[in-house]
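Once you scroll down, you'll see the structures, which are given as structure tokens.
In what follows, subunit A forms one complex with subunit B and a second complex with subunit C.
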Partner chain A sequence: MSVLRPLDKLPKLNTATILLVSTEDALLQQLADSMLREDCASQLNVHLAKSLPLPSNVTRPRIDLIVFVVNLHSKYSLQNVEESLRHVDASFFLGKVCFLATGAGQESRCSIHHNTVVTLAHTYRSPLLFCDLKMEDFRVTMAQRLVRMLQICAGHTPGISALSLLSLLQSPESPSLEDL
Partner chain B sequence: MSARKRVNSQAQRRTSRGSLSDQIKEKPSYSESFLKRGQNSPEEDYEHAEDTFQIALRYFEKGPIQTLQSKGKIMEKHLKTVEIVAWKNGLAPEEIDILLNVALSGKFGNAINTRILKSLIPATLISGDSVVKAVSWFCVGKCSGSTKVLFVRWLVAMFDFINEKDKVNSLYGFFFASLQDDVLCPYICHLLYLLTKKENVKPFRVRKLLDLQAKMGMQCHLQALLSLYKFFVPTLISVSLPVRKKIYFKSSENLWRTALIAVRQRNMGPSPISLKLMLGSAKVRPVKRKWTSNSIIPVPNSSSYGREYGKKQMSLSDCLSNNGSFPLEQLHSFHQLLENIHCLELPCQMGSVLNSSLLLHYINCVRDESVLLRLYHWLSQTLQEECIWYKVNNYEYGKEFTNLLDSIIRAQCFLQEGFYSCEAFLYKSLPLWDGLCCRSQFLQLVSWIPFSNFSELKPLLFDHLAHLFFTSTIFFKCSLLQSLKELLQNWLLWLSMDIHMKPVLKSPL
Partner chain C sequence: MSMNQQDLDPVNTADVDDVADAEKELIEECEEIWKDMEECQNKLSLVGTETLTNSNAQLSLLIMQAKCLAAELNQWQKETPKIIPLNEDVLLTLGKEEFQKLRHDLEMVLSTIQSKNEKLKEDLEREQQWLDEQEQILESLNTVYNELKNQVVPFSESRIFNELKTKMVNIKEYKETLLFTLGGFLEDHFPLPDGKVKKKKKNLQEPTAQLITLHEMLEILINKLFDVPHDPYVKISDSFWPPYIELLLRNGIALRHPEDPNRARNGYGSVSLTVILQSQ
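== the complex of A and B ==
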């Protein structure tokens, strides 16, 4: 199973599964903990991976949302995300992928330009969220927001689908901040 | 360190200054005082540090006299002392005066000058005279290009702390001439941006600037200065400049940022003058809110008042320059404001305007662009520096930041208009906002965004808000809708005002 596909498995009853991909192990673990602490009507599964493809000899439930976490302080984390993206099926990008950039606050320490991630997210037609995962308060709010998105992506929120959420979040080419 | 202790120590220093030359002879091994520090009581420690600091100051003032071998070591020691004292307590105006002279006179090498300049952190204020003296060294041609650059950057960073800005402004022509230096140009532009008043804008300067721009292309710093000039004399400049560009100078280039925050916090200690002013303006305030002194927003104080109080005798130039201006410290009531509105002297630090309802009245009546520009500049710097998600591990500053935002919002409500710097700050930080911290403040700032095109606002504002809106709680959604409704109301108000304003504006044409 080299390429991840969204619909090659049947969904389990009342279960939503999220896959977090990043090289930042510690941050991912903390984010996953915060997500599991949220009370949510459906049963939550959080899978962590350093990179894609995932090993094929394990059985896992259907994945409803993939979050690629990019640490703006490390070029390696961006490279890793770019590599991993090749192992994701195109139909996933119909609302079931999301990018999360961390560390945008301390501009002096950023080795990746803000615009690079913006273009990346735009190329893959997926929403981009910013959050400083090192700060607990910000992490908790981000976890809440991700859980809400996941419930929509898993189809547990009546009246809205992953694709319609995507079309709401999609923004046309936005100007860079330098033109402000 | 409290302000009072500082004053005491300064007084001590002044009394001991006469016998300094003796002390140098008596204590050839002052380094021992450093070694012994652990056993001494804290006060003694402090005195020792002060002594060694004074010796270091004398040393730099006299210039290198020792033989070459011992020179390096002793100088290193003195430099260390100066650096430690500067970062810990800041330097008094007269100490800054001495060190500035040393750094720019070229007595020592480049590396030493750089280190001295980097440690020039004011304890309270910097006198305008020392700046004038320092600039005069430029003409002698003894300081290198890099020292000049560093000095101008220092001036820009410390601009708010310079006491008599009129004196610095009298050097406007000199600074302007330095624009030709390619290396200095960006920093000089920034300085001129801060310094320019309406009377500084002359046709020949406009021509020179346009020439420069034609030669060097659309440089960010030149654009900033040009847009400022265009603001003052729109008829002289026909070049089209980007309207939406509001961040011209990056604050990340400020080498003294952390030191400045410390200075600001130190300066917040209550002084009798500011206390009086707070009582005075509190009477005028319709809502008697308990006044919490905010560390970020400085208290208003004007330049000449302290000077006149401190010295009985005024020099001739003081008399000449003092054209009957009214110092802020004496302003206590609305009545006084009305009587002196034509000759009010503006505060050194524009941020202080935010907390004083009298000064807000003043800003509202006197539509002086340079006042607003100074306020906007101060605001955008401060917002960027204080915003919590730009500095990790400083979460305890959250409360201060909220206070700052609250007073900005109060000022905006008072003036019934949004500040441009807040708008720029919002556009920059909304993508990073989590929708929770300072929620009510941020949403109120949103409702004060100045009126503009929807197509311009959409990518900057609404797209980011949409991300938050669709992934947040019902409560957030409702409060966001509420603030957008207020935004619409404010826009309607402005538009209705515009309809009344337009005939008035057009009639003289």
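== the complex of A and C ==
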């Protein structure tokens, strides 16, 4: 089970599972806490991982949404995410993956240009969110947003699928540099 | 409660049966859906995995997305929305749930609004108190203002009058003391010639009249100046002691009449008067 596939298991009743992938343990933990504090009709499962692939000897529920967190201050975190992307099945990118870039606020400390992550997200046709996870207010808002996305990806919101959400999230007015 | 239940029992048993039937129906439907899901899951597990590299990701993902979106669209178009069986009991249960939810929400709204109301009441009370205080302050200030307004006019007039009066009294007193002191000074330092001198003089000449003091001489000169300013000259009579006349004339206190050596006038203060007379 080196490659992570969506819908590889039957869902559990009223349960939604999110997987946060990043080298930034502390930030992930805080984000996970904020998410669990959100008021949500479904039962939330938040899994944290430093990188993919996940160890195969553990049983885990079906994963509905993967969030790759890139810290713009560390080149290693970007590298780690790029490595991890190789262990994700293509069908996951039909709306069940999203990128989250943190640290864009302190531009002087950024070692990754934000265009790099924009291009990465564009290549994988997945939404890119910016959020300074160190600021509590921003983190709470982002947690709320992720919970709502997760509910859609887990199929708990009637009438909308992950793919239709994806097509809604892609902004047609911002073509990437390569398209120009 | 128990009484009620007993009363309602015959109806309730029928209800319970209905509910059980409805539940069974729903569960059966769920089972069917679950079976469908399991089938789909089996089919899905047969599909091979495919990972992406940076180079091929965009194109293959776009193709996949297009396919999936088309499939989804197709599915939505084909599908007729299914509704749960319109069983009376199911509807009743759902309605109850919905109402309970609504009640819960409304209760929350109620409590929020009540607390808000209380807060507003407190605010209002505080503001009212504040307003009262301000009004009291205004009132007291107004009364103070009115009192002051009433007091100011008579008070100031009488006060100025009194002040002037006391000043005048003071000045009068000062003048009295000044005159008294001057009189004392004159009496002390310019006494009338006493017996011895008189006797000597008597030997020389007969005193024609009672001599008057220097004080009296000055008074006569000053009074003359003020009483008859156009002709202030005083006739030098025998009652004026000659040495004192000489003293007054020498020091310029008195002036002799330019034509009549027997007359003199006060030397001070009359200059202006004589000037005025001349100009006339």
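Operating definition for what follows: the second predicted complex is superposed on the first by the 172 of 180 C-alpha atoms of A that agree within 3 Å, B and C clash if a C-alpha of one lies under 4 Å from a C-alpha of the other, contacts with A are read in each partner's own complex, and residues count from 1 in each chain.
The rule is short, and it goes like this: a contact is a pair of C-beta atoms (placed from the backbone, for glycine too) under 8 Å apart; a residue touches a chain by one contact, two chains touch by 3 or more.
Predicted model, so just to flag it, every value in this text is computed and none were measured.
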After the overlay on subunit A, what do you see for subunit B versus subunit C, clash or fit? fit
Could you read off the angle at the CA centre of subunit A, spanning the centres of subunit B and subunit C, to the nearest 10°? 40
Regarding the shared-chain residue A:P127, is it in contact with subunit B (first), subunit C (second), both, or neither? first
Touch test for A:L7: subunit B only (first), subunit C only (second), both, or neither? second
Between subunit B (first) and subunit C (second), which, if any, makes contact with A:R148: first, second, both or neither? first
Pick one for A:R86: touches subunit B only (first), subunit C only (second), both, or neither. second
After fitting on chain A, the minimum C-alpha spacing between subunit B and subunit C in angstrom comes out at 17
Once the complexes are superposed, what residues of subunit A are shared between the subunit B interface and the subunit C interface? none
Where on subunit A is subunit C touching in the complex? 3, 5, 7-10, 82, 85-91, 93-94, 122-125, 161, 163-164, 166-167
Which residues of subunit B touch subunit A once you look at their complex with the stated criterion? 242, 244-247, 252, 389-392, 395, 424, 427-428, 431-432, 434-437, 459-460, 463, 466-467, 470-473
Inside the complex, what are the residues of subunit A that reach subunit B? 104-108, 127, 129-132, 134-135, 137-138, 141-142, 144-145, 148-149, 165, 168-169, 171-172, 174-175, 177, 179-180
Which stretch or stretches of subunit C touch subunit A in the complex? 37-38, 41, 44-45, 49-54, 57-58, 60-62, 64-65, 68-69, 72
